[in-house]
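Order of writing sets the chain letters: A, B and C. Residues in each chain are counted from 1.
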Amino acid sequence: MGVYTRLALKALSLIIVLFGVLLFVVIIFGATGLSDRVLSSIVNEEVRLYRQSVASQIRDPEALEAAVTKFRAELVRSYGLDRPWYERLPNMLLRVILLDLGRARLAQTFTGSNVISDIIMERLPNTVILVSTAIAINFLIGIFLGVRVATKPGSRLDRATSFLSAVSYAVPTWWLGILFILVFAFYLRLFPYGGLYSSPPPSDPLMRWLDIIWHATLPITVLVIVNVGLTIYVTRTIVLNIAQEDFVQVARVKGLPEGLVNRRYVMRVAAPPILTNIILGLAGSIGGAILTETVFSWPGMGTLFFEAIVQSDEALILSLVYMFTLVYVVARFVLEVLYMVVDPRVRI
Amino acid sequence: MSLRLGGGFKIYWSTWTGRAGLALLIVLAIVSIYTLTVLPVAEISRQWNDPQHWADYPKSAPPTWVNLFSERRLLETISLSFTGARLSGGAKSQDLILNYQAETFPTYISLSIEGLEYTGTPPVLVLSVVRPDGYSVEAARIVVPPPRPGENPPITRYEQAPERVLISSSDDLARNLAQLYADKFDVLVSPTRVLQEGVQRYLMGVPRGGSIVPLDGVYRFTLTALQSSGETSIERGRVLIGGEAYGLMGTDVIGRDLAIGLLLGFPISLFIGVVTSVIVTGIGAALGLVSGYMGGKVDNVIQRLADFMNNIPLLPILIFLVFSFGAKLWVIILVFVAFGWPGLTIVTRSIILQLRESQFIESARAVGASSLRILARHIFPHIAPFIIAQIIFFTPSFILLEAALSFLGLGDPSLPTWGQILELGFRSAAVYLGYWWWILPPGLLIIITSITFVMISLGLEPVINPRVRGRFRA
Amino acid sequence: MSMALSVEGLKVYYNTEKGAVRAVDDVSFDLARGESLAVVGESGSGKSTLGLSLIRALPKNATVVSGRVFIDGEETLSLSLQDFRRRYSWKVISMVFQGAMNSLNPVLKVGDQVAEPLIYSGSADKDEARRRAMDIIEMVGLPREFYHRYPHELSGGMRQRVAIAMSLVMNPKILILDEPTSALDVTIQAQIMNLVKDLMERLGLSVIFITHDLALASDIADRIMVMYGGQIMELGSIERVIGEAPKHPYTEKLLASIPRLRSEGIPEFIPGRPPDLSSPPPGCRFHPRCPYAFDKCKSEEPPLFNVGGGHLSKCWLHGE
């Protein structure tokens, strides 16, 4: 099997995942009657706009009413509201895929648009930046410390790490975020309570970036702290196992310098399983991001999710479930490609 | 088997995590049982979301024990109450004495009257206050409604819900106090300003050097019923001097006693965690068993499904489902169950596959034991300890997941949970105001409860092989 | 002319929870230049530990308690590990480790793994190293372009060839082969054996061939050393030990346990188990399983008797 075939298969299976989630979600959406409500509100909104636009042309109130009723009936038919939900399933599916789900109840973009796709596209980059930075830092620190710990298995430091990684599992990310706000924002006043930048944001581009970094410090720290224990522990275990492999000792006997042995024979070999671990943790990181964003009012899709729940905005929630799955699937694919680069065993 | 169990416990007990975990679990269980048996849980759950019930409590007040640590003493809430008072035509009145010794003012003052009964003309209740400096002021006036057509004396009022007057925001009192300050202290202050700064400050203070300082001493609150004829009796009445601190754990923005909410969180949290985990583990292990043992098409379908569900970001979908079906406890548990089983199924299956190839299963099959018998007699005893360990291991996942959903506003509103206490705290900006007593305890309790199970898991690890680490987090 | 390798009184113990395990217990022997010596024994006889201690690749929990190892006349156990690796390891004495799959890094091209020591010892630049690695890959019977393959792309036999190529890249004088054919099927085994014989001849190698298979040993070696319980039981030329008759009961039993085609007798098994080397039996280590054992065997350890022509046997049957 060639590299491309393998990648194509991987992509296909991820698309099936995406599609499966979508189908499931849309069925639930239809069966619980939520899709009726969403579509009706789209129709109502369009009818309202239509009434406004034709009100100036049609003076006679009865004729206006008739025109509006006719327009509404057409819309109802075109949206499939006159049919049961399962008959308009394909249509609904397509709407979700294209993020064509009308307007949000209250959420808006920075510029004031309340079209769902606009809002999501504005929030998406913020989430991607936050999550990817957190994942990257988590793994840099986790791998560095994991390797360090692995050099002294059974030591006090090693046991402490294993214990702490187990304990960090019991700490809710979002609560840690709240605690950090209380300590570092409220009492110590070192960091802002939340948000993406100060208001008003600094005009100088460099200052603007520094401002964003300043705002991102607490949320990223929280995401890293909660996850890094497990990363250290897993890295340690992987490295420890590989260090005991025969080929590492063979490399030493071959007379290779210790640094090279560690790089090429331990770390290089550990890369694929560590990457697998990143892949496995990806779904969890996305979940953690929803909560962390909410706590820090980081204007990403997670905070939007929270807003959508509070505002009972069904269409927005549906779009977000889709987007989160899409982000996951794309990130997963990128990592799978990376995996093929680091592990020659899968690129036969 | 019993010997092995005993030996297993010895190993378990030899780990400090095992001992600590078990001790914590016992504490959690005792608190839960106490809550369920001693407290009227159903009633409290009902009251919990009724702001009326908490109207008389101080809002966002820290626990009283902070006074042990702070230099500035926070005023504790003082309740002056009476029962079965008979008042008649101004001749008899009810006195309530307050010896006020504090450096600060109350946060509010309220009067509530419950179960009033009168004959004759409808009374007007008047609460007047005599201050330590001898000046007196009318603080509140309640006009009791006249009989409705067809109502016969004695007329009862305020039976269902108490009549409550928030003295500290009364326009009339503000006006009276402005008058008093102008007359007695030569301080000119508008009633609006009195209202803005807090009526209670002026009621319980004196002007000194341009500002109002607390006036310590004995205050006499006198309740009289103005009535041209007849008699009035009051079953229960209370003047509440609202403090800045309350109870063991403080209160939230609605005035709810957080100690009660936190106590109720114990059984609910344990229930959600343990019940969900038991069901998830049961289903997951059963499917794994079937999948691994039957093989073929069934195996294929189950594994594909498990693989699919293991490969999706869980939290957004859980949020979506709980949102769609409504935030009810059983919905939450059902959704957890629906999405919790795959990990365990995959692991159980792989264990079964190994077992199936093992010699004793082969020999059992060779002597003609039925599949069911092999499953029940040979395979199940082998994986039972593993399954029990998994129940314990998965429990904190669900406790944390429920807390996360609650925090996002998707907790069952009829039950106070720690996550929901935090959610309200977060939404009403408790964090930004530094209301630590509202934020820290529920979070710490979630962590302690989860850690209990994590520690028991760690203690079980050396006992039970093969050990498996799940990956389920929120 | 000095010996290629000589070992004197080597003792290697493993530190375990049960105490010291005497894996190699007072072993002495010589290896002449161009000679091939087969070290034969059951698993747990200490033969692999012996091999690892010669090239100083013992696991962390093993220590050389006493003894001396001379390579080309120089004592090497007293050298620092760094010194030994710089001067001897792979350059003078080299090894093909047991289990070829495990001795190859799964994520590196096999050719690079062969060429690496050339580059890092400074004896060749990258291109030169690659060329020489390809030469050696060709020499072990693989196409030159196998340089670019990864271990998982090779069959077991090919991997073994790569492992051999890897061990020869620095032109060592002594080669230790630890069970080079154990995981291979019979036809591949034969090919590898032929390759080893061919290489020995062409390169004039001195070879220590560690195996549990007496037949293979007799096929390749000039001399044979039979180990049991960490000690040498019998040491002599192939002609004397296999060709004529073994002098030691253990060797005798070992020979009898080889199944033979077209022979009337059924292969015998040696009853009992190899000794627990954390508390070896007193006297002769083999006595609990020995059919000829008498009282002396149970209390006194026999010396290595010279039974003529440099043929040694550690058995009381030869003496009083």
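Everything that follows uses one rule, which is that contacts are C-beta pairs under 8 Å (C-beta built on N, C-alpha and C of every residue); 3 or more make two chains touch, one makes a residue touch a chain.
What you see is a predicted model, and the numbers here were worked out from it, not measured in a lab.
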| item | value |
| --- | --- |
| Farthest-lying chain, centroid of Cα atoms versus that of chain B | C |
| Chain centroid nearest the full-protein CA centroid | A |
| Interchain centroid distance [CA atoms averaged], chain A/chain C, Å | 57 |
| Approximate Å spacing (C-alpha centroids) for the pair chain B, chain C | 73 |
| For chain A paired with chain B, centre-to-centre distance based on mean C-alpha positions, whole Å | 31 |
| Multi-partner residues of chain C (at least 2 other chains) | none |
| For the chain A and chain C complex, residues of the former touching the latter | 245-247, 249-257, 260, 264-265, 268-269, 271-272, 342-345, 348 |
| Of chain A, residues touching chain B in the complex | 16-17, 20-21, 24-25, 28-29, 32, 34, 163, 166-167, 169-175, 178-179, 181-182, 185-187, 193, 280-284, 286-288, 290-291, 294-295, 305-306, 309-310, 314, 317-318, 320-321, 324-325, 328, 332 |
| Touch list for chain B against partner chain A, complex | 17, 308, 311-317, 319-321, 323-325, 396, 400, 403-404, 407-410, 422, 425-427, 431-434, 436, 439-440, 443, 446-447, 450-451, 453-454, 457-458, 471, 473-474 |
| Chain C to chain A touching residues, read off their complex | 55-57, 59, 85-86, 89-91, 95, 97, 99, 102-108, 116-117, 120-121, 150, 152-153, 166 |
